[in-house]
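So that you can tell them apart, the chains are marked A, B, C and D in the order they are listed, and the count of residues begins at 1 in each.
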Amino acid sequence: MIHLFEPDKFYLSIGSHPPALRIESGDTVETSTVDAGGFDRNGVSVSGRGNPQTGPIHVDGATPGDVLAVQFSKIWPNRDHGFCRPRIAANVLEPGHDSGVENHDIFNFSLDFGSNTATIKDPSEGLKNLSVPIRPMIGCFGVAPDRGQAISTATSGPHGGNMDYRGFEPGVTAYLPVFVEGALFHIGDGHAWQSDGEILGTGIEISMDVTFTLSVIPQKEIFWPRGQNKDFIFTAGNVRPLDEALQHCSSEMLRWLVDDYDLSLPDANILLGMYVQYDVGNVYDPAYTMICKIPKSVLPEPNKDALVSYSA
Amino acid sequence: MIHLFEPDKFYLSIGSHPPALRIESGDTVETSTVDAGGFDRNGVSVSGRGNPQTGPIHVDGATPGDVLAVQFSKIWPNRDHGFCRPRIAANVLEPGHDSGVENHDIFNFSLDFGSNTATIKDPSEGLKNLSVPIRPMIGCFGVAPDRGQAISTATSGPHGGNMDYRGFEPGVTAYLPVFVEGALFHIGDGHAWQSDGEILGTGIEISMDVTFTLSVIPQKEIFWPRGQNKDFIFTAGNVRPLDEALQHCSSEMLRWLVDDYDLSLPDANILLGMYVQYDVGNVYDPAYTMICKIPKSVLPEPNKDALVSYSA
Amino acid sequence: MIHLFEPDKFYLSIGSHPPALRIESGDTVETSTVDAGGFDRNGVSVSGRGNPQTGPIHVDGATPGDVLAVQFSKIWPNRDHGFCRPRIAANVLEPGHDSGVENHDIFNFSLDFGSNTATIKDPSEGLKNLSVPIRPMIGCFGVAPDRGQAISTATSGPHGGNMDYRGFEPGVTAYLPVFVEGALFHIGDGHAWQSDGEILGTGIEISMDVTFTLSVIPQKEIFWPRGQNKDFIFTAGNVRPLDEALQHCSSEMLRWLVDDYDLSLPDANILLGMYVQYDVGNVYDPAYTMICKIPKSVLPEPNKDALVSYSA
Amino acid sequence: MIHLFEPDKFYLSIGSHPPALRIESGDTVETSTVDAGGFDRNGVSVSGRGNPQTGPIHVDGATPGDVLAVQFSKIWPNRDHGFCRPRIAANVLEPGHDSGVENHDIFNFSLDFGSNTATIKDPSEGLKNLSVPIRPMIGCFGVAPDRGQAISTATSGPHGGNMDYRGFEPGVTAYLPVFVEGALFHIGDGHAWQSDGEILGTGIEISMDVTFTLSVIPQKEIFWPRGQNKDFIFTAGNVRPLDEALQHCSSEMLRWLVDDYDLSLPDANILLGMYVQYDVGNVYDPAYTMICKIPKSVLPEPNKDALVSYSA
């Protein structure tokens, strides 16, 4: 079933807020997200700033210990202008290295849906040729955490959240551990473009039309967000420092290889050691995100209980 | 001029050891390296273990404050077998996450120069299809540091060293700061294959035939190793933790953009923020290596004093 | 005014939960806390495990931008037995260093209020002389954070939380930034004894009788928890890694010296540099805690708006 | 035997430099060190800057696998003026937190050997009462590392080096692993006063008269520097980040408790967990230093092979 959902309330934390929509496992939701500053498709401020979330969406039957699969079929800007910040974050540069950016005004970008590119409005001479493709992604999505927690949409964790990883794009299926009844899915903070690390503290921030399918995979233990696209399976570690984020995503991948691909643990060591690829998700937010990837082409057949085998 | 050089003495630290060869700036050296364990092309142990280095090579005229450009034209295995270790390093996994590898015997690989692939000898059932392309790289190279230091070839720093980055491959030109008269270039630790992070503590370790050209770029200030290949310019930060390695390579790239591409510092913030890509070099050695890359296609024309403009 | 408050509901997160008690600024509360596992003075389980909190207490008139002063006059065990865990946390030891503890049963301690000491029940031969003084402290207390957040009592942050610092003991006044109307103070997780770092993941966990006075200091900007005892003023940085926790508490102290002691910023650099002392609060929880201290004896007179000058 | 040794050559790295003095195990050396900038007791520049070292001293019979015990009986300023830097290091403050110190001139201190205090020359109004006791310590000492290495006196490691820990003072015996024949002991960088962390990048830098006894403890395995004073045994972890330094000193202490005090590993977990104290040595140098201490009063009797039982 497809639900057309028009959000009218937005949250700045991911938690056990009252559900805005109730769906069944396998249902698809067509909705929209506002930009990081709370501005919608019409450029109207409809929420406070800081990655306001559409949702939460209650998925009937989801219970703690399950996994929620989030299949992103569409993420596309629903307006023709976005913005980014002008300064590399101080924590990305050497201590005491001055970024040299004194004017903190945001940069506005115009999107051209003919060429599918974004360009800076009123660029300086040095940036007058800067034009990036529209490559939409979603910066923040997740499920309500346990212990009655509600976690700021500035940060991320095992529940997902503000991972700001450019790989969360259309065609990806993400997997999140379910902590509460109904899972309570939230989504927001679209970027028309972002490179590694989100080192400006922003991508090109914009409101989006999004379509995704939420499915419950019963009683499957995962500790951190996972995902797959056409070519890779991947895991996310969301924490500071980057070293620890890398430990989490690497451990999560090792568990995945053993659980779902019937590899012995020693064989999984070798396979991961031979083929691992790391992506830096973000190094700006309170929790950094490191991604551990492995190409599907080098994996054995997944078993019948594998995450990637599941279909709604 | 081309120097054919047959090494007969190897060092386990990079420092002001007596030069094994003296060349002029712009000269090319054809030589060989032994594997990480000190075994040569014939499988004969000719050095103690731990990334023994061929060299040092004294480049006449190189003085502190200069840059040494190292143009790698050939890195290719000179024997048909290599090895890797079987276990993901404990520091790459969550604290207390047991890798489950009890047999620490190395894995031996056979190289087939017809198909240009490497396969495990006597694989387990789970790994019997594992075959990787031969994609040679050099794990460790560098110049003598200052203060009379000699730094272990297990680790890396501003002088280069054991960066274990798979991007140091044929076709790359690396740039190193010169700290002593003659620069004193060292090289060793070839890998037939390695993925991100060197998380097994090894790639496929093997002896190599190597050809490279060493050129002095006079009085140019760089703080960390840099490089370029056909598509990218890149910088390396070599230190623990990974967060700090990322700070160094990011700062170094920001300096590069301003110095060599005539960008204002604010414009360089935006350009780097929009296009940066990070590669995880290694997360195994005493110093980790993070790489900051930017595509040449998005850069302005380099100025006449730019590193990439220099030709011998 | 003194409020005798008997808690009957406990929270596992610190957030905007319904107030259990409403008081005025300057009022004193006499209440109790259950142990980390949810057991009360009678050894009865009254809550789920994980540092259940007494509260929240709504302080009338507290508004965002204020500071809440928490004057601890009493923290004392209300039963004669506690427990600790038997194993040094894996993240405190070198990667791969096996703690060698296979039996994860907790250690029980008997408290003797004659000698004011705690001793292990049924000790091994090697530990039969182990006896520690009763030196009570409170592991976790804090105020509701902003953005509608509710943060697990396993961790800590600018709002306080599970700092597990042995210096939060009777005689201390702690200062917390107020994020929501009424501040919403929570408290729990008493330890009869704990050394630096809480490296076993516990102190001697026990239920407590606690008495404290809550006062609102209007419109005073602080970013991290602060405190004072008879001899020191101190600040807490609560985050991973330890390096960043140290940055936060050091920066917070530098701000404090300038704001409240009328030192110029350069003079504050020297004073802090000459006299700083650091305590490791905890290196176990999801956020580590580092403490920056400076002896009162070396400080100039505080100004009239200083935190330490404030009296209810 | 006592050797009076007048140094006339100084090294900026700790390594296998030619011995300046040869002694027997158990001999005492009376010598002097220049200040961090290379100035001697007469204020004369006799070396380049950066913690120049007196030595190396070759101890006959010391071989790799031994331990070198360094008993400090005297460390005392041999002139009446020292200096410190004016600015808290950028890496000690939050990223982007400006220390506000624009004048980088050093502060000079006058030492008064009547009151045994040091005071700033020409203080600002705010610092006019600043007076610290003379509490001399040695910032940098160590032995030559393995692999032919020579390591900068700016940094530290398993071989000792620039630990800048204020606990290395008269009355302390330090223990270092021996890596090369003769151990090759170096010493320099005295501070008349330093607090935790060396956050200004200096203590009060001064030249010193030093007296110490060097003894070889044969074939005893230690991995990191250790020490004892009247009240404590302690270990040093020297590396970045601080989290990893803490892991090394904690693991080293756990090994020490089991090896020398005949505790079972589980008992050692509890003992360390109950009594550990951490000191922040330095958070300025390329390697940070964290100290793990345990009071002698809570330890069992050391066994006959214990480090602390050894006497020359």
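As a working rule, contacts are C-beta pairs under 8 Å (C-beta built on N, C-alpha and C of every residue); 3 or more make two chains touch, one makes a residue touch a chain.
Nothing here was measured: the structure is a model prediction, and the numbers come from that model.
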item	value
Pair in A-B, C-D or B-D that repeats A-C, with over half of contact pairs matching by residue number	B-D
Contact-richer chain pair [B-C vs B-D]	B-D
Centroid spacing, where centroids are CA-atom means, of subunit C and subunit D in whole angstrom	33
Distance from the mean Cα position of subunit C to that of subunit B, given in whole angstrom	48
Where subunit B and subunit D are represented by their mean Cα positions, the distance between them in whole Å	34
For subunit B, residues that touch 2 or more chains besides their own	91, 93, 95, 240-241, 243
In the complex with subunit A, residue positions of subunit D that touch it	89-91, 93, 95-96, 241, 243
Partner subunit D, residues of subunit C touching it in the complex	84, 86-88, 91-95, 97, 99-103, 107, 120, 124, 126-127, 130, 132, 193, 195-197, 199-200, 240-243, 246-248, 250-251, 254, 262-267, 269-280, 283, 288, 298, 300
Of subunit A, residues touching subunit C in the complex	11-13, 15, 17, 50, 145, 147-154, 239-241, 243-244, 286
